[in-house]
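This is the structure I have questions about; it appears just below.
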């Protein structure tokens, strides 16, 4: 008898959908049972992602054609807005299904803030109430019990893993956090945009969405929770000529603590975590160290300016920043060992 | 009781050594018990390869310090020449140990040819006699029984998987094979060379070692075996601005057959092979499809010139072209399922 | 009195148009007087290409709005098919204007061949008769006297500069030429295509348009002229993860000559050419050597197979392969020194 | 009669030396008369930099072999420390020669600070007194009259052009400047280092020299001059997978001013500058916009945090950040038009 959990992936023709397939196809306890991509419906997955030539996957279908009652969980890699309505429909069809949402649709608890940043009213306010923010390391218990998990954005994942323990312990001044973030180009998705063409994005870099990136309110929400205060951060993302990887250099003001104190606090906070690694003093993280893996590397470095420190956090935006963290949450929700299917070491070089 | 096989890696500070660690560290039936790197002896592996921060690996030692009698197998990623003597010493210390040699030292059966291409007499001629050429798909039985396996070079692996079945079936003229090969820069190793600096090798390409590359005689040896004839090929490698990946575009003259016949012959030859995939008509391989994986993708395309065809073969040079194929061979030698530890899907994007 | 020639550029929002602007904006004898881009009409050029922020350029307009009677020459970087009709209209408006066509529309002298490869009948057959094929080194006299110059494709430029002198001198067998070509991604243009996104095209390579690339008939036409025979070549292009640069590795069969003879013939053929450089024996070209420049580097290397040689030719596809060669031709047509405005050295590193 | 100024280049086998050659070889008023590279003495320049194949350059010699009395100016691209002694020797041989030093040896006016950051006492303290800091836009008059110009480091050039006018006008709080800097890999030079190999530096990024980079005291010296105060800045550089380009994202605290005020102040400060361009509101700089050129692009963006702004500055590290600025200074010193030989537009794509 096949006791594997049956998984569907909504939006399988995008990069987060594809990385979910990569991880789930080799997960010992699950089976990929449905793949949707409305614009590619009818195609084989290997027509859309030829690197899956060795897999025997279901054909892509329209999401309306899936029999949700046959599935145990669904990963959602759809654009924002749309997601709210589709997930409501999926849950109506199968109230017991578990949802791993990789979109931004259920991450912001305050629906006013959602409307302000996303330009429309929330379309599933009743579901928002039950959604759990899926940053595994901080919401493990709630995720385990949840039906709908809103997996964090890639930048928030990297930033919050570095900042939340420091904000909780009141080691840093949460009103003066400057986050200079750098992302590989998969962060912009698979849609056709001029600025992500090889000849435009290669051999150069630029900032983008300065002061307007939608991951800002998500970062502020969770640092706010940790600090018990309203928080505004500087968050300035840059587009880097590499495919995967995210690197957040956070400049913080210390509240009496030293850089060594910060490192000790983080090391202690993550001592039992399988995926979060705090680097020893003197080691500087690299995105190369986590490429293709679910690991996080964090470091603290003293600034030459008194009472300041630099906290660096790096992840693979498509793995710990998206599909990998979703699988990690799924493992909790199904009672599997948390690291199942996620033990790939970084692909370097 | 720990019944895992104990593995040593000679030359663990190079790229092939590191990729062997990446694969073996997650292999369920083995344990990495010794890592050598004479110039880095005493260091932790994560000082040399920081992406291994999450692994608990033995420290690097000088090869002379290893107790070979405690090991079941050794992977060798040392430079040519040296390897012959060290392997002889290892086998003297433990005649039962299994050797997966990823260097070029035991690949050429004709020691005159070896001396001509490598500039010195072979230093372990007695061992050469027992060495099995480790192209798994063609020497499976011999490998299973072997003590010393000479894993093929990366280029020969890609080329021979495309050419051998066609040469065996006499579908192509083995006296007129032009191989235009392209390799990522890891193919040049981790040694410090000006032409592999990012600013030299990036954003450009060039041919190298035209007419003098040491993989030529290896390709000729095996096509010769397949065709039952002495063979000289054109083999022209190019250095491409990417880290991993190898792409061999082979221009062949047909002996009455059509491109479709070639494709059918290859499809049939590999129908039971877990790692070799012959693309459907109309599909053109990409190195991206195999990056980080042990898979091979092969395609046949008709030429506009009558009686000619183009056969393309792509692999990851560090996996199927080196450490992955070595693990595949190790699996055979220990009686494990051949795909154990090698089922990673390509990391795309 | 401003005696500078007034230049218009049709299709200035594409890469070849932009490189024409880069070169013409610093050309001492011309002035950019009109820029067209129908989908961007009304915009400033620096909105479309921000690297022109330091130039004072005319705004983009629809081509129908240009007063062609005020211009002395026009560079055309439009897609094929369209070009034929627009150029006919431009010439109708100003019969004295000089046309530098960088599209494919007037390159093929045989209109049957054109129709076969481009899928529609030629739309300006009367103009085809007067068009001169703009490979400067071989058609200098005709170009000087021409009104309409069909600048060659990028691949044909690289290939023909290597092959034509050898075909003319009957040193090679023109029935057995294999051309393995590699191009940077600008060769695919600025249009939005999934396969030219950074995350798709980066860190990997693939062949494309195997046996079907439209530069094949153009190459065959001109080798045919040189050899006085009908010719079919193998032409297999590959997409390489770099922005600019083209590298053609040509595998040829010798007619009694040696590789040294070929090198001598090419060196002699180009001894007075300002832009074509034949490398000394032992030097292997690199695309890096010509990046951003109008230079061509060619080398001949003996094959290990008797009676075969390898001829390598490299150019920057946007300069000598397109806008630079067009400027070179314009210089001839206006009686300027041929190298005016084209003396940039390669940008390396 | 050849009235061109005769130029020597010390350290012509490095990247800054090569970019000086690229620019000077096409400069109408100068002639390259000597090239030194002690480890390559005797070689042709094209053996060391093959992209110079089209130039007729002097062979590389040891610096001791040059007859300095025959030269009018020398560009120095040697490592620090060495430079002080060699320049002293050159000036002893020809006291009238003009020195464009691209090394770090004469940039710091306080020799105690030099000793602290460079680990040895200054070896030409008498020359330090006459050295002029070569940031053209701020020291134009002194440079015009100077014999020895210490051209700024690449990072200081980018940072100071953005910060100095703001510090002078007391618009920002100079005690709270966070500079997150990103550099292409040529910034690390042509020396053989493992971390600048293509396979190590490609497809990833990392910070380096955090809190210890030697450009910090240079930045602090000049912001200090502008503000009339001692200044300590946060300066955190990152290595980005691209060859050329530098991007400094500066986070500043405002002293009552708005982002618009900062932009207006910069626009006014540079309104007559040929190479410094302040972007219009809403335009975000890209390194691609200045690649291969001597231009600088600066932008100011309001932060969401009250009283903070983000100032971005981008240059090509080898041009405005090194050889280009040196040529700009040479033009002043010889009375040439300041832009002579420097009008190349960015090479994009």
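Just so it is clear, A, B, C and D label the chains in written order, and each chain counts residues from 1 on its own.
Just so it is clear, contacts are C-beta pairs under 8 Å (C-beta built on N, C-alpha and C of every residue); 3 or more make two chains touch, one makes a residue touch a chain.
Model, not experiment: these values are computed from the prediction.
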* **Intersection of contact partners for subunit B and subunit C** => A, D
* Asked: For the chain pairs A-D and B-D, which is connected through the larger number of C-beta pairs in contact?
  -> A-D
* Asked: Just how far, in Å, is the C-alpha centre of subunit D from the one of subunit B?
  -> 45
* Structure fact -> Taking each chain's mean CA coordinate, subunit C and subunit D are separated, in whole Å, by 36
* To do: List the centre-to-centre spacing of subunit A and subunit D in whole Å, with centres computed as mean CA coordinates.
  => 40
* **subunit C: positions in contact with at least two other chains** => 15, 186, 199-200, 202-203, 241-244, 286, 288, 291, 349
* Asked: Within the complex, which stretch of subunit B touches subunit D?
  -> 15, 184-186, 190, 192-194, 196-203, 241-243
* Under the touch definition given earlier, write down the residues of subunit B that touch subunit C in their complex. => 178, 180, 182, 199-200, 202-208, 210-211, 216, 232-234, 236, 238, 240-245, 247, 249, 251, 284-288, 291, 301-305, 308, 310, 312, 349
* Using the touch rule from the top, collect the residues of subunit C that touch subunit D in their complex. => 15, 18, 22, 25-26, 49-55, 186, 202-203, 243-244, 277, 279, 283, 286, 288-292, 295, 297, 318, 343-349
